[in-house]
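One structure below.
Naming follows writing order (A, B, C and D), and every chain is counted from residue 1.
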Amino acid sequence: MSEPLLETRTLVKSFGALKATDNVSIDLRPGEIHAVIGPNGAGKSTLIEQICGGLVPDAGQVFLEGRDVSAWRTQARARAGLARTFQISALCMEDSVLENALLGAIGAMGASWRFWSGALTRPELRERAEAALERVGLEDEHDTQCASLSHGERRQLEVGMALTLAPRVLVMDEPMAGIGAGGSKKLTELLDSLRETAPILLVEHDMDAVFALADRISVLVYGKVIATGSAQEIRTSRAVREAYLGQEA
Amino acid sequence: MPSLLIIEQILNGLQFGVMLFLMAAGLTLIFGVMGLINLAHGSLYMVGAFAAAAVAGATGSFFLGLVAALVAAAFAGAIVEIVVIRRLYKAAHLDQVLATFALILIFSEGTRWVFGSFPLFLDIPDAISGPVTLPGGIEYPLYRLVLIGIGLAVAVGLWALIERTRIGIQIRAGENDREMIAALGIDISKLYTLVFALGAALAGLAGALVGAIQSVQVGMGEPVLILAFVVIVIGGIGSIRGAFVGALLVGLTDTLGGVFLPELFKLFMEAGAAQRSGSAIASMGIYILMGLVLVWRPTGLFGARA
Amino acid sequence: MIVNERAINALVIAGLVGLPLWALVMDEPFTITLVTRAVILALAAAGLNIILGFGGMVSFGHAVFFGIGGYTMGILAYHAQTYTALDLGAFTTGGTKSMPLIWLAAMGLSAIVALFIGLLSLRTSGVYFIMITLAFGQMFYYFAISWAQYGGEDGLSIYVRNDFPGLNTLQPIQFFAICFALLCIVLFVKARLTASPFGLALNAARQSGARVETAGLSPLRLKLLAFVISGAITGLAGALFADLNRFVSPSMFSWQLSGELIVLIIIGGVGRLMGPVIGACVYVALEHVLGGITEFWHVYLGLILLSIVLFARGGLIGLLTGKEGAHV
Amino acid sequence: MNRRVLGAAAVAALCATTAMADIKVGMITTLSGGGAGLGIDVRDGFMLAIAQSGREDIEVVIEDDQRKPDIAVQLSDKLIQSERVDIMTGIIWSNLAMAVVPAAVNQDVFYLSPNAGPSPLAGAGCHPNYFNVAWQNDNLHEAAGAHATAAGYDRSFILAPNYPAGTDALTGYKRFFDGDLAGEVYTQLGQTDYAAEIAQIRASDADSVFFFLPGGMGISFLKQYADSGIDLPVVGPAFSFDQGILQAVEEAALGVVNTSQWSKDIDNPTNAAFVESFQAEYGRLPSLYASQGFDTANLLLSALERAAPSDADAFREALRAADFDSTRGEFSFGPNHHPVQTIYAREVIKEGDVFTNRIIGTALENHSDAYAADCKM
């Protein structure tokens, strides 16, 4: 078995009396999609924030390609190849699609301290941004202002921006949320095609997408991972059924 | 320095602080409930002082002057809210700053238009003028004690209003969640006008009370406005408790800094130079205090954590 | 009424060149002085617009840099004129009367102070940022008032304008040419900066800090650098303003001036290249025209500003082009 | 900022008069914002004298500086470059004067100061074209010091704002006060609450208080001092006891001794006529500033009788002669073109319903200033 690209070891995070993350250890291996599911309030977002650097865990570590990145800031983790998408699209709504994609390219290529040449005219930035947009199917929307994109297209752009970073690992926070069935299908296909580019840690509510995509699934309940396994194993797990359906099941 | 003098200076700082609180409370309430930066709050302070001076001058009664100050400031506040401010709640802070800056210009020159360029007269009523002797032999102006009393009473009253009444519940709801109060079936625009008028009335009251021992003149509101902003930023914007603590901190820092820094500098400087450098640093004191607080806690002492 | 923004920009530049030339022919030197004032204020506001319009930071204390620029000019020229030494601790200088040197010093010093203020202020955001920058402005203001060595509240007079190689700066038209050239350079640099990767990242940092971090960039560093550049440009404007008046005083540090700079930008249009320029021209013209009509012209100025906020979101450029500007 | 007031010209003859005007006077003064009252008084006093002269060949261009130094400098550029005035006047504040005057007089314009008299312009920075018709800044403070000495005070507590005019004020007082200081305090410029300083006065062993707190600061101090119950005698310069300000202080100022080169009860025919005509014209009692504006205009008129400004040397001599009837009686210029005049001690009294001043003695006779020796002219 190959080494995991992303790994958390016994992460703990409390808010007051509430343990939002309780000894969570999960990993992500090359070429796989690892889905994290769980009921509302299970601590999925808190977990993602700790992985990406938005929250500091009380205890435990995060490893990226074998390196302990627990003390790194968000931007350092991003530069090391940890790309993420947001649950609520965090795009620059006043800017065009291409400009948004360029932002990722600028970050990845360390170009933010270039002051003179135009961002839109530098070939290496532009090629990278355009390649990513083509990958997510937005090649015809370069000049569209983000604010006028549909919900599904915004999700595609989120993924595209993550791709401009040439990621080693993708972390996606509910990419399917709020998009229709058609969009969902399109996005599922897109994600499916990405697993060889970079493995995906996928937090998702849409069970159809999860079972269609995930190689492994972890179930998070009250901050604890109660089960990890293949789609089939999770479907039949007693613990999961109890957690989802209540004690009487 | 004798301890009696120190106690007297602390009283002075306290009195300055509670008057700042009257200004800051309205400012912080308006920001907390409506999310509005109101630079024109100082103008309402001025309106209160001018109304008090005009009415007290005409009737000879300081008390009527105070009533007039409350009414005039609340009325001016309500009008301004309905005509202008109401359109700014959803606007960016930048637009709010500009619009209320424009209101300052209109209020200041408008007041000069009506009342002329010279300061007006407003005096303390005889019954509460002059000094009293406090335990320990401190002679202290009675009026300043009254100011401290009124300030504390208003603080308690505000606390009761917000914690114990229906309007208070609505105000708190408005601070936490603007959509929520609409859902509760509360008439938001009425609530906003009311809160704005309340803040304005407090500013007007402060203007009238302070006007009796200071100069009632055009432009008197701006220095106080800046201080009140310092207060609410130190306390945490939107927090009445923060405004109270911040006001006392600023009042004490300003008063005691002005007195003791020059004394401190005299320990290692020639007297005249110590006086000048000491008071120069003291005039920057509250801004330094504010800078330190914000570096330590970027949202103030009692502000909501980001 | 929808007009092309480029057309407006061209018109403004043409006006800024044409009016002083006309005044020169008509022998109306004061008109040139007035336009020069507008150009310098535009330069100061253009500096502020970098952080306000593109970076989303509402600095209510930008007069700090205006004042630092002014005092740098004042102090250097004062020592040069009186042949006294200026002891800077590490070394001593005799001051200078050369404008380019003064500009460099003004920009350098403003940049250093901006770095310091930015480091502390950028820990906060929103209203707190507005207020902490205001607090820094007040600190400098009170310091300048009691700085007896350089005139305190009386300020410092430099009776003769400083020198620029090959020009007679006392001629209003020549001094105007210097200021106008600097404004054009700064606008050009600003246009390049806005289109550059840095500008794109800064603009993104205004809209979504989290997104910028996720792209591997530090919003704080982007904003800090923008703050420093912005401070340096406003500092340059301060040095020119001092030379225009041949005088500096603590009023250059006042919060009213910080407010006026913001007002200029909003009148013209936030985040627009020419916003501050149009704002400054309109403001100076209003001051001049309204002041001639009534003593109480502030009332009318206030009413005009109010209507711009309420009815012309995006400032005059927004009104003319039919597009709102950046949201701050 | 382009208000033209035409001296003594009928409005109907506006165009004709403009064309006729031979002599152009530029007045930069404070007419809006804080401190506008002072500028308005200077303007009104000045224009009253011009009107009374009946001369139609004098055009006065009046501009409002808003008390901002940079605006004042621009207006000065405008008056000199565009209006091409021969004579300038009007500035109230020392910091504005320092910004405007040196540049103006170096462009061959005459400047007559109706109010500010900063020390550099009296000493090393004096200029042949600069005439001060009010006082050198230290004068009234020096007189206050002299009065305190004469009144037998030994220990004064003195305070002023922490800015150049404040330091000058305390220095001026100390120059003529022979006793010791019980305390010396610099307050913040624009300060409105003096509780802390008053407490210090109470705790000191002072036998008298001297303060220089112009404008609203003085009003605040006096009200708070009166309420504090301290009954030490107070001395100050006239600025805080002027006609406009007294009405905002009322009883709190009663009995305070202040020093002034002018008072409405100075007994001479010019002054009596001035007080009467000013009241008739504007419906209020004239102030110190109004008298200074009036005297400035009369000095100008007297010089114009003898020479035209175009003949600079002759006109300068005519100004230097100061051959006019001043509202304050004897008036002449010292070698640095600053007044040599008597400064009185006045007491605040109530006259009917109106609070005003009454002369109680002379503080300094034929007083010049401390900087004249530095003036090389």
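Miscellaneous remarks
FYI, a contact is a pair of C-beta atoms (placed from the backbone, for glycine too) under 8 Å apart; a residue touches a chain by one contact, two chains touch by 3 or more.
None of the values given here were measured: they were computed from a predicted structure.
Path length between subunit C and subunit D in the chain contact graph, taken as the least number of steps between touching chains: 1.
Distance from the subunit A centre to the subunit B centre is 49 Å, each centre being the mean of its Cα atoms. Centre-to-centre spacing of subunit B and subunit C amounts to 32 Å, using the average Cα coordinate of each chain.
Subunit A and subunit D, compared by their mean Cα positions, are separated by 75 Å. Averaged C-alpha coordinates put the centre of subunit B at 35 Å from the centre of subunit D. Counting partner chains per residue, subunit D has residues 32-33, 162, 167, 188-189 touching two or more of them. In subunit B, the residues that reach two or more other chains under the touch definition are 108-109, 112, 276, 279-280, 283.
Those residues of subunit A in touch with two or more other chains do not exist in this structure. Chain contacts here follow an irregular pattern that is not a line, a ring, a star or a complete set.
Touching chain pairs in this entry, ordered by label, are A-C, B-C, B-D, C-D. Those residues of subunit C that touch subunit B in the shared complex are 52, 58, 60, 120, 123-128, 130-132, 134-136, 138-139, 142-143, 145-148, 255, 259, 262-263, 266, 270, 296-299, 301-306, 308-310, 313, 327-328. Contacts from subunit B toward subunit D in the complex involve residues 2, 4-5, 8-9, 12, 15-16, 108-109, 112, 116-121, 123-124, 129-131, 139, 141, 143-144, 210, 212-220, 223, 255, 258-259, 262, 271-272, 275-276, 279-280, 282-283. Within the complex formed with subunit C, the residues of subunit D that make contact are 1-3, 31-33, 64, 68-70, 73-74, 77-78, 81-82, 94-95, 98-99, 102-103, 106, 118, 162-165, 167, 188-189. Those residues of subunit D lying in contact with subunit B across their complex are 32-34, 36-37, 40, 162, 167, 184-190, 192-193, 195-196, 199-200, 202-203, 215-217, 219-220, 223-224, 227-229, 244-245, 247-252.
Those residues of subunit C that touch subunit A in the complex are listed here as 192-193, 195-201, 203-204, 207-208, 210-218, 222, 326-327.
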